[in-house]
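Multiple structures follow.
Both complexes below contain chain A, partnered by chain B and then by chain C.
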Partner chain A sequence: MTLAHGGGGSAMRDLIEEVFTGAFEPDGMEDQARLEAGALAEPGARLAFTTDSFVVSPVEFPGGDIGTLAVNGTVNDLAVGGARPLWLSAAFIIEEGTDFALLRRIVASMKGEAERAGVRIVTGDTKVVGRGAADRVFVTTSGVGVIPPGRDIAAAHIRPGDVAIVNGVLGDHGACILAARGDLALSSDLQSDCAGLGHLMEAILAAAPNARAARDCTRGGLASALNEMAEAAGVGIEIEETALPLRAEVKGTCELLGLDPLYLANEGRLVVFVPKAEAQATLAAMRAVDTGAGATIIGRATEGPAGQVTMRTLFGGSRIVDMLVGEQLPRIC
Partner chain B sequence: MTLAHGGGGSAMRDLIEEVFTGAFEPDGMEDQARLEAGALAEPGARLAFTTDSFVVSPVEFPGGDIGTLAVNGTVNDLAVGGARPLWLSAAFIIEEGTDFALLRRIVASMKGEAERAGVRIVTGDTKVVGRGAADRVFVTTSGVGVIPPGRDIAAAHIRPGDVAIVNGVLGDHGACILAARGDLALSSDLQSDCAGLGHLMEAILAAAPNARAARDCTRGGLASALNEMAEAAGVGIEIEETALPLRAEVKGTCELLGLDPLYLANEGRLVVFVPKAEAQATLAAMRAVDTGAGATIIGRATEGPAGQVTMRTLFGGSRIVDMLVGEQLPRIC
Partner chain C sequence: MQGRRIRVRGQVQGVGFRPFVWRLARREGLVGEVSNDAEGVLVLAAGEAGALERLRGALSGEAPPLARVDAVEVADWAVPDPAPESFTIAASGAAGAETRVTPDAATCPDCLAEIRDPAARRHRYAFTNCTHCGPRFTILRALPYDRARTTMAPFEMCPACRAEYEDPADRRFHAQPIACPDCGPRLWAETAEGAALDGDAVALAAEALMAGRIVAVKGLGGFHLACDATNPAAVAELRRRKRRPAKPFALMAGEAVLAEHAAPTGAEWARLRAPAAPIVLIAKAGAALPEALAPGQGALGWMLPYTPLHHLLLDALGRPLVMTSGNLSGEPQVIGNDEAREKLAGFADLFVMHDREIARRLDDSVERITPAGPMVLRRARGRVPGTLPLPEGFGEAREVLALGGQMKAAICLTKNGQALLGHHLGELDEALTWEAFGQALEDYRALFDHKPEVVAVDLHPGYRATRAGEAMGLPLERVQHHHAHLAAVMGENLWPRGGGKVAGIVLDGLGLGADGTIWGGEVLLGDYAGFERIGRLAPAPLAGGDAASREPWRNLMVRLDAAGLGALADALMPDQPREALRRAVAAGVNAPLSSSAGRLFDAFAFALGVAPGRMSYEGEAGMLLEAVAAQAGPGPGWPFAVAEGVIDPAPMWQAWAAARGTPVPLAAAMFHEGLAAAFAGVARAAVADGRAQAVALSGGVLQNAVLEAALMRYLEGVPVLRHNKVPANDGGLAYGQALVAAARGLGAA
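Moving on, here comes the complex of A and B:
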């Protein structure tokens, strides 16, 4: 990759035609995508709009790469808010000297994940910067989706007594990236949990008509998601240490390094709050979807103290689970 | 700025609340913006969606900064396609150690430009990477707009005889960035032409109901925009060297450095093709808008050769104006 590939001229056009056009939309990625807005025309439908930059290091890791993350991260931001993901944009900042082959693998990942999620990547951009001005490839995706009429899930709706459910084991992505960096001499078979959660959210919302709110547990992990939800709802949240689904390998990594798995990043895990009466139906519906096979109840909302997350420990005690203060692991996504 | 500011925990929340929330939406930048889609509900309306990453160096320059570019670049991508810009997302990749004050200035620029353009910045993201893994700040904006029913402007609609109009002097942005880098020991009073062109495009479309197509002349300059348009329409395009609006200072810079002003980047300039019968009305309408004060006819579409752009020179000759092949100036936007 040379600076000319970002120059706006024919080298850039060749790059776009060779690497991007075939993989994404048949007509290439124009400056502007023009989309039939039929799904948005329904009275009461709302448009959902979200964006994330991805700077993960290493760019490729067991279970995925920066492209997998970029598509699923944005799909999931839409889905956990109750939106049906429709269209994605993809903007690449590429360091001069980056392998074309790497870029092709990333784009192929994006194409595959978009197909799985049922979204279209409809517009894009590429910039190339000199050596040392970026670290290989950064990808920024934005997503547009539609929130069907009458659907309104939000953290503020959580009520005391509601049940908290996660869709599978926690911390795999964080522990996998840690191992993949190599500087800790950890060897592991861990794979990132990176996955799109759109189909799972639709299954949840079909099974639990009164589902309150969901969050994906990315940067800052389950602990940060729960703290944000407790604060927005003005409730307490209590989780059970014995109920947390954790692989022995992730537990071991955390013990070795003094990390708390509650703060480890996930890229295919969400926590959803539903009324107690809908909890069993939600669990069954989640377990019928591949990304929800490991669904399990981890706790509940309580009267308070408002905004506080507590964990009942293995030994019967209770400890406060705070927001993450510093940085557990940079460039996790 | 420290890595903790990108960690997903409380330091990041403080950063978002302190720097972004006040400047952008009153409710802060949530993971997902939820927007009333009334403008899109009109039968026949289409949604326009676009994205661009900005990596300009230096980050601040006479007439603007990376924030000015990020808002106007995306607004203009929407506007030149006939869309009314509505909502923007903003994703920041920030190098560790970057000044908070710089970030605040960039965000203030974005707020001001968004207000001028009549768009709302409704969602965002921040990532922090280590020293040397990025060059201060990169900003990626995406934009959503609505194309009113029946409006359809596209390069493919250009017909022989159509008139090409630009909205002002060319190359100021490119020449200004060149001078601002300092390594050429150029001193100049040039300012970037960076500006939002949404209001200008609405004036053009009101005056020229049969306007064919418009492009903003960013990376690759006027020459690249015209080449793309000639190719898409299967027409020739002929421009007049004597008609090109260029400041003496920009001409001088180009002569000194062996650059061609046709390839210099602009960030507030567009070229629009209208039927000859609508050209005078278009000119008058453009000149009534501040960003169109310098509107002037520069050429016309011809029977061909298809896809070829030619320039009638000062001396009565004719030369082919090709796509830019290499890179005239990296990190111009």
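Moving on, here comes the complex of A and C:
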């Protein structure tokens, strides 16, 4: 990959032909995507639209690469809002010197994840920048989905007593990236949890007609997702330390590195709040989907204090779980 | 006939001061009146000149036990015509009057005599109190302080109590918590299942304790868990149930029993017997008690009984009791009856309950007397809400609200030349402690009638207190952690604002530094408004951030690696995941650099095999290292390299490694000596060349008496400021923050 590939001339056309267009839209892409608006035309349906940029180091890691993240991240942002993901755009900023084979692998990942999620990547862009101006490749995806009529889930709908459910073990992605990045050679088989959650959300919403809200627990982990939800709903949230699903390797990695798994990033995990009466049905429905096999109840919404997330610890104490402010600085004096 | 207008300032309200003046005036045949107002007590007296002079002298000379007279100011008073016929106590009227609440005080000798007197109507009554003793701040619900606004409100005084309450000649005149068996709170015992038991609660509790059971006892500021301190099985069972493997337990005993197991000095007896009745750390002596009470420690924490209930219980037992706070691991002390039933059911076999509510959780204060003087380790029951005078030059300061740190949270308010340093709250991530933080903000603001103009917080953005300050919408002063420690020790020594710079040796756990790294072993040259860093421990990575503060082995590994002794590290801790942690450090994953002195103590304690790889309580490694060092006594120190103020422990490690046969107590003592010599040298040089006027000692590590004694020796001939009343640990942080914020507001000294 040279700067000429970003110059707009024939080298770039070749690149796009070669690596990108063929992979995403075999029928050929125009500069703009032209899409059937039928799904949107249904009375009461709402359009959902989101965008996200992906910068991860290393670009490839056990269980995925930046491409898997870029598709699933945006698909999940749509899905947890109740939207059925339909179309994505993908824009690439590529560092000069980046290996073509790497790009092909990333594109292949994206294609595979898009197919699994049932979305189409319908438009895109590439730019090549000089060495050091990017770290190999950055990807930005935008997504459009449709929220069916009558569906309305939002964090503000959470009420005291509602039950919080996650779809599986926490922190795998964050621990896996840390282990890969620091060359920590922690003897572990950790894999990123990166996955699309659209099908899982459909199953949840079918089983729990009064589901209140869901969030994907990406950067900042479960702790940040819960804090945002507690804040938006004006409720308290209490989770149980003993109920948190954590792999032994993740626990061990966190202990060694002095990190809190509640703050580790996930790329295929969500937390959903449903009325208590619908909790068991939700669990059963989630467990029937591959991305929900590890679904479990972790806590509940409470009367308050509003916006405060607490964790009942192993020994019965109650610790406040804050939003992460910047980096995690040591505080024990 | 002459008249005098006498103003009395200090802690003179709510302590029986007006009836005291009334009795004096009647004794001297004077007429006039005494009243409370916002400034204190005002006496208007008329009579013979000699009698007036005797009154003035007695005001400070004979003041009631709980009073503290700061100033007596006398002016002439134009006696009205006709002159008053007698001397009267005027009802307090002016706004702001009666807002002072004194700290809770231990049962006084008169009340103790009454509960032990079979003929007295308060014989064996567990809630006996008077103007000179009893609950105060722990029963206060709202201001002004009168019975209706305390948790005594539901108890209507019987005629006998009312007569005492209204009689200025009585010891119980206006004693708000006055009570007797006919009208006051009631004591009972109940099972762990919540079934009330018939019979005398004290007798039932004593019986259970003698049988090795664990009893929850509702006290002044919270519940205690008690067991027989002479019974190793009971002590072990309490440790098991509380999941508290090693942290020392506090003990309570009457004076005679205490003297069988310790030999308190005169100063220690005085602290034990003070109305504040704190826990005092006293060296073990005499008959040995189970080692499990305080594993590895040379001292035990003792307190004398401070409520009638405690006296009755200890009278019945004739042996020392463990009295540890009744709480779930990590949570603050339980204060409510239902809360106790729910949370302590798994810990206690029997509950001693009563129906006087605890309005405010207050832990027992903890103090110690070192060769250099007294030291407060935890400032709580008996000390709050007392105030501290601000040094000269702060009279015009803004009203400051300082929010303190994260781990030993306490807030501080300043106003009119006084500082109100609140009680020890605990760790702010704990939900109940955070709630108490909010309550403390409201309480102390009301108590002090405080309208903050500026809020002082730590530099650390992740402290909950810092974020609370940021959310207040008031002008904010961010104060570097160790500068606050320095200001705190200057302030309590009344170092004037214009007194020049001081070289502060601040040896601490961790605090965020002005350069974004983590500090904790510093020599700061500064005054209240600012500082520069003239000395520091050579930094090492905190391997795993906060995990390094829990696991001493991490600090030993990084320090040995830095000293070129990696192979020794491997040999000393074969079972720890060293290689993985080294890679994390090399990759910069959660391994910020730190000059923390506390972590160096942890490392050395682990190197000597004195501390566990993972501590079960904060400060464990440092306390254990101090305890073994105390067995050796002063002597030479290991060498620390000092270059341009950077104190490098690498030579110390190398010297120690080359002399591994050194007995543990001697090696530990040499560590204290070497470190003290290095830091004292840097500070001393600043005094010698005129940059500093004195040396100040602060930070949590300065609770270590062996280190303090060594520093004092190396600083001989130099003026030294040390902590007496304000904790050297983060419990004193807010006080220092307040002074810094106030000084900045005042501009150049």
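The criterion applied here is as follows: the second predicted complex is superposed on the first by the 321 of 333 C-alpha atoms of A that agree within 3 Å, B and C clash if a C-alpha of one lies under 4 Å from a C-alpha of the other, contacts with A are read in each partner's own complex, and residues count from 1 in each chain.
One rule holds for everything that comes next: contacts are C-beta pairs under 8 Å (C-beta built on N, C-alpha and C of every residue); 3 or more make two chains touch, one makes a residue touch a chain.
As the structure is a prediction and not an experimental result, all values here were calculated from the model.
Q: Determine, under the contact definition given at the top, whether A:I320 touches first (chain B), second (chain C), both, or neither.
A: So A:I320 only meets chain C here.
Q: Which partner does A:R331 reach: the first (chain B), the second (chain C), both, or neither?
A: It touches chain B and chain C both.
Q: Quick check for you: in the superposed arrangement, does A:L47 touch first (chain B), second (chain C), both or neither?
A: So A:L47 only meets chain B here.
Q: Name the chain, either chain B or chain C, that contacts more residues of chain A.
A: More residues of chain A are touched by B.
Q: Tell me which partner A:T310 touches in the superposition: chain B (first), chain C (second), both or neither.
A: So A:T310 only meets chain C here.
Q: After lining up the shared chain so the two structures overlap, which partner does A:A101 touch, if you call chain B first and chain C second: first, second, both or neither?
A: In the superposition, A:A101 contacts neither chain B nor chain C.
Q: When the two structures are overlaid on chain A, which partner does A:A248 contact: first (chain B), second (chain C), both, or neither?
A: The answer is neither, since A:A248 touches no partner chain.
Q: Which partner chains sit in contact with A:G124 here, chain B, chain C, both or neither? Use first/second/both/neither.
A: first
Q: Looking at A:L257, would you say it contacts chain B, chain C, both, or neither? Reply first, second, both or neither.
A: Touch status of A:L257: second partner only.
Q: Common interface residues of chain A with chain B and chain C?
A: 322, 325-326, 328-331
Q: Show which residues of chain B lie in contact with chain A when the two form their complex.
A: 2-4, 6-13, 31-37, 40-43, 45-55, 57, 77-78, 80-81, 83, 87, 89-93, 122-130, 132-135, 138, 140, 142, 144, 146-147, 218-221, 224, 263, 265, 322-331
Q: For a test of understanding, state which residues of chain A touch chain C in their complex under the given definition.
A: 178, 181-186, 255-259, 308, 310, 313, 315-320, 322, 325-326, 328-333
Q: In their complex, what parts of chain C are in touch with chain A?
A: 243, 328-331, 343, 405-408, 428-432, 434, 460-464, 467, 481, 508-512, 518, 542-550, 577, 580-581, 583-584, 587-590, 592, 594, 598, 618, 700, 729-730
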